[in-house]
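Consider the two complexes below, in which chain A is the common component and chain B and chain C are the respective partners.
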Partner chain A sequence: MKNVRQKACAAAFVFASAFGGTGQAQQGGGDPIERELDTYRSMMKSDPWSNPGMLDVDRGEALWKTPAGPSNVSLDQCDLGLGPGKVDGAFATLPRYFVDADRVMDVEARILWCMEKLQGFDRVKLLTRPHPSAGMPVKVLGAIATYVAYRSNGRSFSATFSHPKEREALALGETLFFRRTGPMDFACSTCHADSGKRIRLQPLPFFSKPDEARKNLGEWPAYRVSTAHVMTMQHRIYDCFWQMRLPEVELGSDVSIALISYLVKQAEGGQINIPGMKR
Partner chain B sequence: MSKKRRMRFVLLTYSAFAGASYAQQMEATDEGRIETAMHAAFPEARPDWLSRLKGDQTMRACSKYRDAPPAEVARTIAARESATIQYPPDGRLIGDWKKGEQLAQSGYGLRFTDYPPTRENGGNCYACHQLTKEEVSHGTVGPSLVQYGKIRRFSEAEAKVAYDKTYNSHATSPCSLMPRFGTNGVLTIEQIRDIVGLLMSPESPVNRP
Partner chain C sequence: MSAKPRIRLPGSVTIGDVIEIKTLIAHPMESGVRRNTDGTLVSRLLLHTFEAKFEGREVFRAALHTGTAANPFISFCMKVPGPGEFEFTWVEDGGARTIERVALKVS
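Right after this comes the complex of A and B.
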């Protein structure tokens, strides 16, 4: 743990230098802004231990194994789809239908379920302000999700979407992805409808293209430098809806799970490599 | 790309797209069920925000055709949206470019963290468009608008085109990705006029050599 922290501190220094704008362009391309951004991205990714998100992988592991909640039990008996307590490779098979809950769940919805049903936490409290504000660490649920996702690193997205409810989630997700909503007329596809586009300087993935979807999905949960915390996929979608001028979407809602199902399907076969690194 | 290769690319793209359409096979995508799912997903929505979860006719058509409406649908959209455009009472369409530049920079407004409002809504033009050579932090979802007015010889008719496009982009480009700033009440007539000023004033940084 100490080692991780030291490395993360060293990493923070590297980021500071990158932000100072002294990085030399390494990759081709005519646009000087794009070259600077490429340098910055490659510096962030060059050493996996330079990723502060690793701290939350460790924190999530401790949280998974430590008795907590009114029932004072650990998440040892939490079934992520491969059997109680089986964490390795579970994230790669999600989202999936769970008989006990009678619904399709992504990793965060499933951990939420376990915290409620096994540990006895109050669901309403878990769903109140579930995402960190800028500069604050990812919350307990997000840290556990980061640990669980990390334990699928090197595996490929392989959710089967064979159960009728899984296919239904996929269909809903696809429809929602292209559905214009809110006072700005935005759909997900407004920003993610083409390759190589940016909002200000932020590059946007084009999810209809499998290689872009695979690369992007394989990086979530990700450490976000601009807000200095790990951001989960549910948080990412919450933020997209915020930008679309919609109200606050509930973590683990059928809508967010449907969208995640659609994105994971687009990324099918892509390798998981988390925590990713984002601006 | 040769004609043959381009054809193959188009076909491949088309089949990938068609193959990815899970929605076509499902009833889960019925509008009533979508609205039910949306209401459940936003339990904290204030009553006056519920209309935001619903789309109007134009949004529904654009969603259905994934922003590529057939000609007849496109004509219907253009006619409906044109009818919503309102003009300044004095007929002047070119406002203050300095205010327009501020509006182009600001993405403030209508997000749930923007209430109660502390300043006027922005147009956030730079999020998607390049407008001036000085501002390097610009998006590329929309076309570059550098030299917009100069290219168009600062004509009166082009000022109206810019005004209409900003007020309601669907009037001229049905299923445009650009928000309907005027029709949807994101920006006021006055603000839209200032943005037209930014695009169409000879002194504006958009048109500087």
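Right after this comes the complex of A and C.
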């Protein structure tokens, strides 16, 4: 044990040398820019303990357990699909159809529903600027979603999509993903239908390839270094729509849930490892 | 509601071990050179000092400047002199202190 721990302490200095360009960057094949970027990405992720997203996992846990809202109750009666208050593994089974709401919901739509129905929060207020601006921490709903997702770590995406409404969401999601639209004639597939593409430092996953889809979906919600906050999947979709110059997509809307359903289906069987760490 | 700082100490430790202590705290680390959307300067708000004491004795200290990222992660190594308590202090501009105390179990 003693040796292992000394190695961990020595590792900090090994990393320092990678800054000087003498590290692993020189080895390996492929595009030289990608190789350098991989060095940066691996340094960023080398110690999962350094991920500030973990602070929001803690915060989300406290928010889940603390009474809040006009009804002054906690979310421990919130049913994420496995029964009231059952958080472990719930994220891995979402999106799914909920009888009480009569619609398919992803993790954020479901938490939104619980905050509205159980805690008595005003839905309109919850949906007004629901995502953080750069430099601000993720909002309450996002922190809770991060906590819920974290509690499925190590499990695999296993949403069944067996209910007719779930299949409907999947079909809509697939259509939306490939359908070019808007003033720029953009579709999700404009950027996400080939391997090896990137925007600045962010690699763009090719979602028709299961291994890329699994790796990517398993990392959301993720901490974004450039904006210093956790970004959830609903926020990611919202931002993609903005980037495509499409009308604002509402958190928990049928469109966002359909797309998330399609992406989760592509990532079926992929392991969940939350929170991710991204540029 | 802002999150409590996270502190990670190794599980089983014996005297003489060199251990790594990891700390993570939520803070915007506002540099003081950034402007709002309306053009006004956002005033500087940094955690400017991090101190770690073990049994009252300083074991590590860091001065943090404007180039430090938000939500700073700081880790350092220490040779374990025996059982005791860590006291971690982050000092913010204006003097506000965040203090965390964690006991180190030594077998």
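Going forward, the second predicted complex is superposed on the first by the 248 of 279 C-alpha atoms of A that agree within 3 Å, B and C clash if a C-alpha of one lies under 4 Å from a C-alpha of the other, contacts with A are read in each partner's own complex, and residues count from 1 in each chain.
The definition used in the following text is that contacts are C-beta pairs under 8 Å (C-beta built on N, C-alpha and C of every residue); 3 or more make two chains touch, one makes a residue touch a chain.
The structure displayed is predicted, hence computed values, not measured ones.
Once the two complexes are overlaid on the shared chain, A:P137 sits against chain C while remaining clear of chain B.
In the superposition on chain A, contact of A:L172 is made with chain B only, not with chain C.
Touch criterion met: A:V255 reaches chain B, while chain C stays clear of it. In the superposition on chain A, A:G182 makes contact with chain B only, while chain C stays out of contact range. By the document's definition of touching, of the two partners only chain B reaches A:T190; chain C does not. Across the complex, chain A is touched by residues 1-4, 6, 8, 10, 12, 14, 16-20, 22, 24-26, 28, 30, 69-71, 73, 75, 77 of chain C. Contacts from chain A toward chain B in the complex involve residues 33, 167-176, 178-187, 189-191, 193-194, 196-202, 204, 208, 242-243, 245-250, 253-256, 258, 262, 265-266. Put simply, chain A touches chain C in their complex at residues 1-2, 5-6, 8-9, 12, 47, 49-50, 52, 54-56, 58-59, 62-63, 66, 135-137, 225, 228. Listing the residues of chain B that touch chain A in their complex gives 16-17, 20-23, 25-26, 28-29, 33-34, 37-38, 40-46, 49, 52-53, 55, 58-60, 62-63, 66-67, 110-113, 126-128, 136-141, 177, 179-180, 184-186.
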